[in-house]
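The following pair of complexes shares a single chain, chain A, combined with chain B in the former and chain C in the latter.
After this line comes the complex of A and B, so read on.
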């Protein structure tokens, strides 16, 4: 459930702009820090369409209206399902804290049950909403958790990228390594490969579309493919608004029940 | 025949050719023979049941699981045991043959619990609890979760299982060994049990050949002794045996040459060739001895020529009819059975050619066999008057049969009636476990796991609706839930598992853990929202195993405490009872999983075997009618085949021998041997009717000539196959018993009821010649 917040982080991780340092003598760690530390908008709303496709070509599509607001180091987020019809108005709320020792607070509201429930989950390597993204993939991973190395420089779609190889310091990580293509001027990721414990390619993340909203880089379309299971998850964002004011009172149980504004 | 006679001049050439062909076959076997142990390769590719099952297996990731149980007589809730569960889980996850997410244990399981505030999803433990307090709360967590308690951890808390589902088609000897080695490291003081279909199949695949390696030489040795006793000549024994062994080598050589793999049912080929091939040589030598006795001064060439001239026709007729009879197995849908039919036919024809070519050639080269002591009961044709008073066993036997016609007919009728009764009780069983002795490790392990957990075997019921989203309908799910309850009543069903269990659990958890909410909610939206919530909080892979993406196809898994076909049929019959109600919701029922496939497979083999027996019976009647130019002889000649097959199946029903892929094929002996005996006896009877018009005398002559050879043949094969009764392996014991039984009924059927009917028809005797 805490995965819910990571989706936003992922967007930040991969989108936001940074105006840091020259390309000379930059280290792998520095590149990843630049990506991680990009400034993000204080308030974001968007409409996300999540499309899951399994190996047989069947799909499940969900649309979610999401609202996020930063409160200093803390962050509050609320998501409303708008389709499919049978889960419409189901909502989730997630409060995450800068103090990493403090667990997220999460709530769920099921309209059919008409009750708001607190929820908690401790499984970090779980996949987010049955997608191919884990919590970790969605950006909660801090640069210092891995050893980074620039292994190449390469152009992706005409944009110059650093190719960074990151090896987890924790031997129990579910990945043996990841390779990230980071666009040089924007510090936005362009592509990422995830390798499983045996060193085989497990997943490939492709960024299909990036745009600048209100001065911030935003990913509008990305796709994670699990090449071993032949399963993909596509996240597409519409109507992204950054800086549009959201009331502090919006992130409440009452709002969860009331539904989308 | 002329060709064979001419060949006598080139006896050395025959030897060279036979040796060359045999060496070639051996070389081919060494270079190209391959064993096929993958059961999926046995299945007919376009049989709809298999095709559907395979599709469903792919859709839901249904795989065969290895079940490892860890038992600690005190309690599993201690650091060491829980550490072992964690380590073993991780070892399995790292194996190439197993996907990480396909390992289920207390370590990997999600604990979904309802708390005062709401919903909590967490692992039972990540680090092994070190304090007594933490250990107790873990124990409590397990005990209050029905999805784990009794499923992953035994209710008494003394054992827990790890289930590792293995990828398709990767199971092999090496993997089997690695699993056992891995598991052994964790043995002690905890007891470790390994079970599951792949392990049972794997053990079986190793035990069967190992047992055969011990038994086969013994069988051959006993047959050698029996041949020696009966033929009283080492040379005759060696030649007779050579025919059998060389025809077997040629058959497997051809198999290797055309790249047909050796299946487990192929082990039946040598069995058939021993039973049938030994007969040809025995008949030849039997005739030769009679000729030698009646023509003491004859040279080897005239003796061999006489043997060929007289025996050529019956041996050829027997071989051709048998071979054609076996090709009727081509009608089977199962490839290994088709191949069994074709290659046994080839082997029978090889045995025929070898008998007709190698035996005469060898006699030409090495001289006639010198028997240690000529048998007193050898037929003496010179002394024609003598045989009327002679009191040899054959003569007495003939008279007894003819004077007790009513008894013979009654006995036959009783046996047939008994067999028909037995036939109704024959059970098809594809169980792998039934192949092991009650006290074998594999059975003990299976019993342990079945007693403490849901069951070692599983069976998948696939429910398929006409429309997408059908399984979000509360009515539909309630019906499925009802079916599950009905199934759970069966003693053999340990557990059932489907989408409904997730929904019920979620409903309860979201309603403060109140038991009354352990049910399917009334609202469709509620179900959809629970599903969404589960997907987001639990492991979505788990849901993929019970429902497809479109909520249109559902997998209901039934855990069984036995892998026998009866248990599966009980499940099927309960579900069939709900077909109409399911149909109202537009839901169709199919089945899947390897246990089900094995069941269908066994039934296919049985069906194929019965229809092929029927077909070969028709072929036999037709061929015999053509050969003997009389339809009555066609019918009479088919009696031993019919009689043998009927008693074979009847005995299986009465002795509770299950009908499986190999036992079904044993009845083919009826075709091979029944025809042989009938043809030899009728042809011999006909020959003697040409020199004597007294029916009783002709009968007595035939009985002491070919009747004796038939007895010899039965005795040799039976004594050999009785060795199998001492096998440690139940299927091989059944093989020994059934082959012996079939030899005996073929022998008895030919010389009693068939002979009597032949006698009573007056064929070959003009009217008025009756005595």
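After this line comes the complex of A and C, so read on.
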């Protein structure tokens, strides 16, 4: 009987140690690093539909074919606008770098001018194509750009999440803080809140659909709501292909002009 | 006649090749736009005796068709253009055939070829000529004319080599003499010209050739190019007919000067500012003499023109601040070994300023583009507000204001205009 008690006590202590050890090993920064480093596949192609809905309920829709390839820590992306007609054949290319001290390189091809132009990547807080997403929202924000802490644990749609508060280190950031719900077992975001410079809620990002494609978790449907302007942008992805080979030479001026094939 | 035959032959060749290719096409796509442009010359509006308050009511139908295969495309873009109720014209902007391989592209046919990094200026962008019928007021894709050419691009990593052969010279289209944009040659008082135009004959030695190497990379982009070409703008070569009569009679033959061009351009980003530059050196550029010097030159057997070397360059910067696009450029033309008899100034400097911002889900864009001629203190100020009523339908209102008494822009001081444009893209 005493032996059984000892074993029970040992199991209890070990369990406590494991729980405590686990809780202590995970930090807000670690969670966000896990999100940032979550494998997404070396090459991704997809068709994105962007639906803008304003406060009167009227909608505008853009479709974009996008190609992304990772080159180690760096990443190259081309987006081809396929509709509406007045922006069709416009393309946008972004080279982003693992080195956080290095700015992205961006170019745009405007078919009316038949010219590829380098554009400034400085203002990542500008909104992308009139949507509720800034360029920064759409990119992979590096974890070291913010100070993170776990403020809660909560279930979203039945999935256990860490709730992470992230405060930008750059005092000129357009957000005072963001709060992200990260699903524990997949390191995929489930929801995110963006607070303006006054600390008021500005936008809420809701993930509607996540699925595995070729073994990688992929967000297929998400919606950003600007609660101050009552304006939403929904991004829906289809024909997502991961692992389909994209040539290294795809991310060039040639392809921007040639368009989606 | 030889030019027409050659152009027709090339067009038919492309068309037949394209038709054969269509049979094996993977996809066919169409696009284009319908547009109404109503412009008012403010000067005419104030003049009650003017017969035409509306300087311009233009309707345009533009249709693009693309026949795409795995390794080949056929692209056609045509237009029908109605100027008021009186003039109807139709034409082909581009008609070309593309062949693709892994590392090389070949484009044959009528095509617009655009070079350079500058905005609203033509420094190294000299391959495609321009339609100057309405000065630089129309959209740039309509100002540029297609040239019948063979263009080959070879790609090597981030580098691209481009060669262009233009067998038939295509000059700029100049404004008609009854147009408010017409430019007359500066001649001495009391001289009456009889004007004719002489195009280069269609021979192999009169063909034009260009080459370019370009690089796109993380740190910077650049282009280096050169060409043996004709100046797309003519020079008036004067022959005396009777210099003792009243008025004095001369023949003026507009000729296109053969010249060599070499140049380059670059762009890079430093601390969020896109810096860009572009420059070209022209060897053999012809200039007209000033009216004061013309008669003396004719008396000594000259034809009123002087050939010189010249350079044309630009330095500029683009920046975005709080969603407002800002662009500035300094542009200068310089005639080397200047001769005071030349009608142009030795230096001609221009500043440009662009600012644009989008509002309301990018459906409203307010834009200003200004040119300022530093020597004559003249300017062109272009204001516009474009509102996307629905996806594909754009309503634009704008004004183009000319300031000054002389100079490239000041000469049109009477041509201030306002316009409304409705464009539906499909």
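Here, the second predicted complex is superposed on the first by the 223 of 261 C-alpha atoms of A that agree within 3 Å, B and C clash if a C-alpha of one lies under 4 Å from a C-alpha of the other, contacts with A are read in each partner's own complex, and residues count from 1 in each chain.
Assume a contact is a pair of C-beta atoms (placed from the backbone, for glycine too) under 8 Å apart; a residue touches a chain by one contact, two chains touch by 3 or more.
Remember, predicted model here, so these are calculated numbers, not experimental data.
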Overlay on chain A: chain C relative to chain B, clash or fit: clash
Which superposed partner A:81 touches (first chain B, second chain C, both, neither): first
First (chain B), second (chain C), both or neither touched by A:60: both
First (chain B), second (chain C), both or neither touched by A:103: second
First (chain B), second (chain C), both or neither touched by A:113: both
First (chain B), second (chain C), both or neither touched by A:201: neither
Chain B versus chain C as contact partner of A:151, first or second or both or neither: neither
First, second, both or neither for A:130, with chain B first and chain C second: both
Which superposed partner A:252 touches (first chain B, second chain C, both, neither): second
Segment of chain C that clashes with chain B, given the candidates 4-12, 112-120, 220-228 or 400-408: 112-120
Residues on chain A lying within both footprints (that of chain B and that of chain C): 52, 54, 60, 84, 86, 107, 112-113, 115, 117-123, 126-127, 129-130
Chain A residues within the chain B interface of the complex: 1, 3, 52, 54, 56, 58-60, 81, 84, 86-87, 90, 92, 107-108, 110-113, 115, 117-123, 126-130, 197-198
Contact footprint of chain C on chain A as seen in their complex: 52, 54, 60-62, 83-86, 88, 95, 97, 103, 105, 107, 112-123, 126-127, 129-131, 231, 249, 252-254, 258, 261
Residues of chain C that touch chain A when the two form their complex: 31, 33, 68, 100, 105, 112, 114, 116-117, 139-141, 144, 153, 155, 157-158, 160, 214, 216, 218, 221, 267-269, 271-274, 276, 318-323, 358, 360-363, 388, 391-392, 394, 423, 425-426
Sites on chain B touched by chain A in the complex: 59, 94, 96, 100, 110, 115, 117-123, 126, 472, 510, 521, 523-526, 528-530, 532-533, 535-537, 539-540, 543-544, 548-550
